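Next up: the structures, one after another.
In what comes next, chain A is part of two complexes: it sits with chain B in the first one and with chain C in the second one.
And now, the complex of A and B:
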């Protein structure tokens, strides 16, 4: 049993949300990723027991979606959009600045396990292009300079919780529209912050 | 039957069922549409796009996959238009982009749909100049299956089979896009009883089997249709032979039995045919150096038979003979009886699960196909998945189509998830007797009252009081429209029952053995000293017997005790008929020459009769077949060779004979240990087939968690101790079992020394040294 009781309890609560056990697969994979930073084989075995499908069926899903990581990522996952709106608004120079600062190529993680860099397809922030996600928290309207500033801040301050609004205030430019998330929570892991599955964290904690 | 409608294909009118797919309707009318992913026994997915056809829609002509589009009234379909051809060329060009084209070293080449369709519908040349995708070639995904991911065209036939049909999805697509591949989970191999089917349905050479790999080219194979001996389901198979060696068995689609599928045992259990260990000459006193001629052996046996009038002659028969051989044996017994009334002769069938069954009323006998038409299926028998694997697939399919399944425990726990009701320890005691009145079983009456019910009924345990089974059948008979499928699982059991006047069980052999008489025992293709719960008692009797003759393929625990071993022919080396569990008689064909001086069983019976100057009236299987056909109840459609060879009868002929089984009901005392047969075991045919010999090696017992705790166990490897015998076993937890009942495989090495009625102990294996002693 690689999952502790607390994690199992959270898993059971998630499973209860759905009419079929296997429907909980997606959120459970995020729990696995929260635990290890990636989807480990041990976690796959655990999940397959929890939702009554075979291990390889879990693996089939987890390997299909690129937000489920198959390898250990760094503390901060930098996902830079390369799709068309960002491309038009010069995401190339944002990408280059991240590459330059971190010294990483696409899908690479640095030796200190601090940063993982990836170029991704549209993250739904076209109105504020170019956009970047840090641990799936979005910041819009970046410039190459602001991007480097942001990376430096991450490297020096090592914030425990990443919150989209804070990033936006510190480093962002044009915002596409007010996201209007009332309870403004952030992400503490390389997992999107969802309140209903408990991956979201309050910013002041 | 659904409504018939008209559609127009390539300018001609076709009449078809309204619920068919375009590809099915065309297939039925002889118009072939190329396809890779569509398989008529599986749900369509539309993965490969090879079956694109043009249809007319209100918005003009459109290309649609014919495997996912249903026919509709006056639909106009074009399967050969320029647009369709261009689409087919395009699909094939894409499929070939990453296909390695290593046809010269591929087992599939010559019978490969990708090769054939590229020839027939392909573009002829490739525009792809980039590097192809590469994967490690081939990786083993189980002990018997290899996977070459480069060759895979992602049709999902194998993954769909394992999910939809066999229900053990251990292979799946991994990754996405250009990296998509079929694979297993690390350390979780594709250990399915049905994995071989994926090799057969793979439209390229991506999945191959260890036993056939690099053995032959398909165009060199000689092929014949036959019927598998693996279980009493009588699966239709195609035997593939090259240079007088059986190389492969494929499933044939028989609507009434296996529908194209086979278990891996039925598919891969053939290498023994060419084993060096086969007995090829009669052997005297189990001494290999003491080979004698057939004539000498017949002389010796006939002297024994005629020497003493006050003798008991017993025949212990197995389940691998043909109907003709059983008939010849019966004829032998009859003739001896005619000559001398003082001799006492009995035929015993070597199957611990045999009991009197329900044969009295032939009208109430069920058929496998009833699974698709009844409302409720009642299952109370030994493990279906292990003993009648293709019937398991049929039941699975029926449940998927909405039939209610009711299972009575404590076997068939593997099917619990399929069942609407599973009656375990609340309803049935450890001794398989009802704890509650049948009429008061909760949620049972609404599933059977005035419903069409098929009861698949047999003994669950070798020792079991069969009265509760009769009570259940009586109750069902009163309250529902009942059909019964008698569940004896082994090979041609029903052929033996139909063609031998009176059949008894092994317990009767022990009880009727009278050591004061001159005892002559024939064992025929059976190994009761290894395969029965009565093994030790049978061994004593055989040692006690005055003369023992074994007819067999291999030396085994029983032939060791024989005075003379007569080598016999096996499956594929003899022609005959086979009767399956629904009394369907199917043809078994000969494609291999008989090795050495091996004879058919009936030839021995015939020669022995000649030796003791009794005239016999047959000289071939053909004549035997004609004679045995005279006794069938329905005279108009008898399973004669001529009739079975008719194209309309290739799926077999249903016909009945009167059946007489005489078996005493045995009270079990208290069952502590329930013996079951697993698919893979230690039969001499399996251990002499190298590809699958190791699959029956693991020794394990099953128990529920309560029992595990009750025995104060903490590790999963223990010694099972009973008297002087100690057996190291692994424990599997199975919480569907009742408290304090342990399940053990009878057909695994070592277990035959365990007595189910005596107490035993489970002792933990503490240190590693003990673990290594085995």
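And now, the complex of A and C:
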């Protein structure tokens, strides 16, 4: 399906931020992923027209970066860190508990399109290892038990907007540093919640 | 041993609202900008930075003032802030972005004033959604208050800032790869020469690329003078630095200290020692790319030059501590897997070599290793980084490939017994 006017309007607003159109390619790929849960062939055509490059050029970029997904993601993208600080603080047990709960292996999505599970490299939460991101919202200091609780909560409550601070308060432990500032904004898709691409969403209390 | 708070002072004093522009303004915020606008002498700003002797905080440690001096003349010049912090063990830029975004923005405006730049980009890694939101919110506040846009504070200075989100590629922390990424291309490092950013950077225009922590230091330096900054720390490593401490310590975190103290004192004071009263077996002094030190090397001073002379690097200032029960083969495998995953694939020694190293370590870690794997590891490492010397000799465009060699040489030099323990003791005889 091609992009509707609302999405095209957002795309043009993004393009205007940059001296050269092609710089908007990365942000536009996030719009594509917000729309379909992955980078569809239709979106590749749309984006190639928007920034005046060939479809192959778009594809060569989208396939380079790990946050652009080639297959449809579930509602919740569970990214478990396995880099050094997490590795030595037993991220394996967190990985195993996610696998056990969801029945998924690395990079798999369940049939209900609820969860996608991936093992990822460093997410910059080393002081709060082991750490996980849900739709790119970070939760630090997890245990295998809390990880399962978090998955259950996602499955049962199906929150529309994922907010790092809420995840941390409910399920997190040791943090990399004092987060201090209260935050109520997060992401509603399997892309980062960020104002410039129109994906930052505020949660009602 | 105490912290010296320059960059983290404001966020500590006002923990709940340090990100708010009014709170920042009330506490001396944007006063450095007002000072340079009043003096209206860009040359003076560059001289203050040179006097401070501050060296880049991203990992390479290049003198910032010198870098600014290299910027070629052109009508269009750019400043790009490198907030792609992805070096395993590092989370210092995250706290600066999240909790004191205006300090960075003020630094950006002053830098652009000094170098006659009208457009700046803050490139933040895609996984840092929350920090990016904070910075964008702060940028919008700064526009409203007249610190950004046309005729800043009534002067003829104009500047626009765009916050740009990456998409999950460690290699984009390499400055030329970052520029490619910002141009909407694959994050592949460019060859230097000719692509020195100061001459041929973003859109082939002269570009300054500086780390978040480096530019966050600019307001303090301007308010207090470069000479005052240079009094902190030690010669060659002036000022403070935010070290990220993680691993098997009791209290991990970011700690801002003057450079020059020993790693042992740092781990004891701020990490409060090792969890469960265990002994420290090894530590990484500067992020996953850095060769490891052993528990017997805790006297090494935390300066760029001392760490380099001891055979490693201070890098991004990430200290990762491993206790006596850590399986160092697993630890090395984790780091090597990281580099194999993050190799951009341009250069054969890195693309193939890191994958080979990962497979060999995987084989050893899973108990299927062979005695010949040791010489195979050395051979592959030698093809990526000839002679396995430090600093590494390069066969590749950027240092990512040689970085994957670091954990393996660390194992072989100091912990070969751990590697041997995981290999069969007898050579099977062919039947």
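Heads up, the rule we're going with is that the second predicted complex is superposed on the first by the 196 of 205 C-alpha atoms of A that agree within 3 Å, B and C clash if a C-alpha of one lies under 4 Å from a C-alpha of the other, contacts with A are read in each partner's own complex, and residues count from 1 in each chain.
By our rule, contacts are C-beta pairs under 8 Å (C-beta built on N, C-alpha and C of every residue); 3 or more make two chains touch, one makes a residue touch a chain.
As the structure is a prediction and not an experimental result, all values here were calculated from the model.
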Looking at chain A, does chain C or chain B touch more of its residues? C
Scan A:133 for contacts with chain B and chain C and give back first, second, both or neither. second
Have a look at where A:60 lands relative to chain B and chain C in the superposition and call it first, second, both or neither. both
Given the touch rule stated above, what does A:44 touch, chain B (first), chain C (second), both, or neither? first
By the touch definition above, which chain A residues appear in both interfaces, chain B in one complex and chain C in the other? 53, 60, 64-66
Using the touch definition from the top, list the residues of chain C that touch chain A in their complex. 11, 15-19, 76, 85-91, 94-95, 98-99, 119, 125-130, 132-134, 136-137, 140, 162-170, 181-187, 203, 244-248, 252-254, 284, 288, 318, 320, 322, 326, 330-331, 334-335, 337-338, 341-342, 344
Going by the contact rule at the top, pick out the chain B residues touching chain A in the complex. 168-176, 183-186, 188
Spell out the residues on chain A that touch chain C in their complex, using ranges where they run on. 17-27, 29-30, 51, 53, 60-61, 64-68, 79, 82-85, 87-89, 120-129, 133, 136-138, 164, 174, 176-183, 185-187, 192-197, 200
Hey, which residues of chain A end up touching chain B in the complex? 41, 44, 53-57, 59-60, 63-66
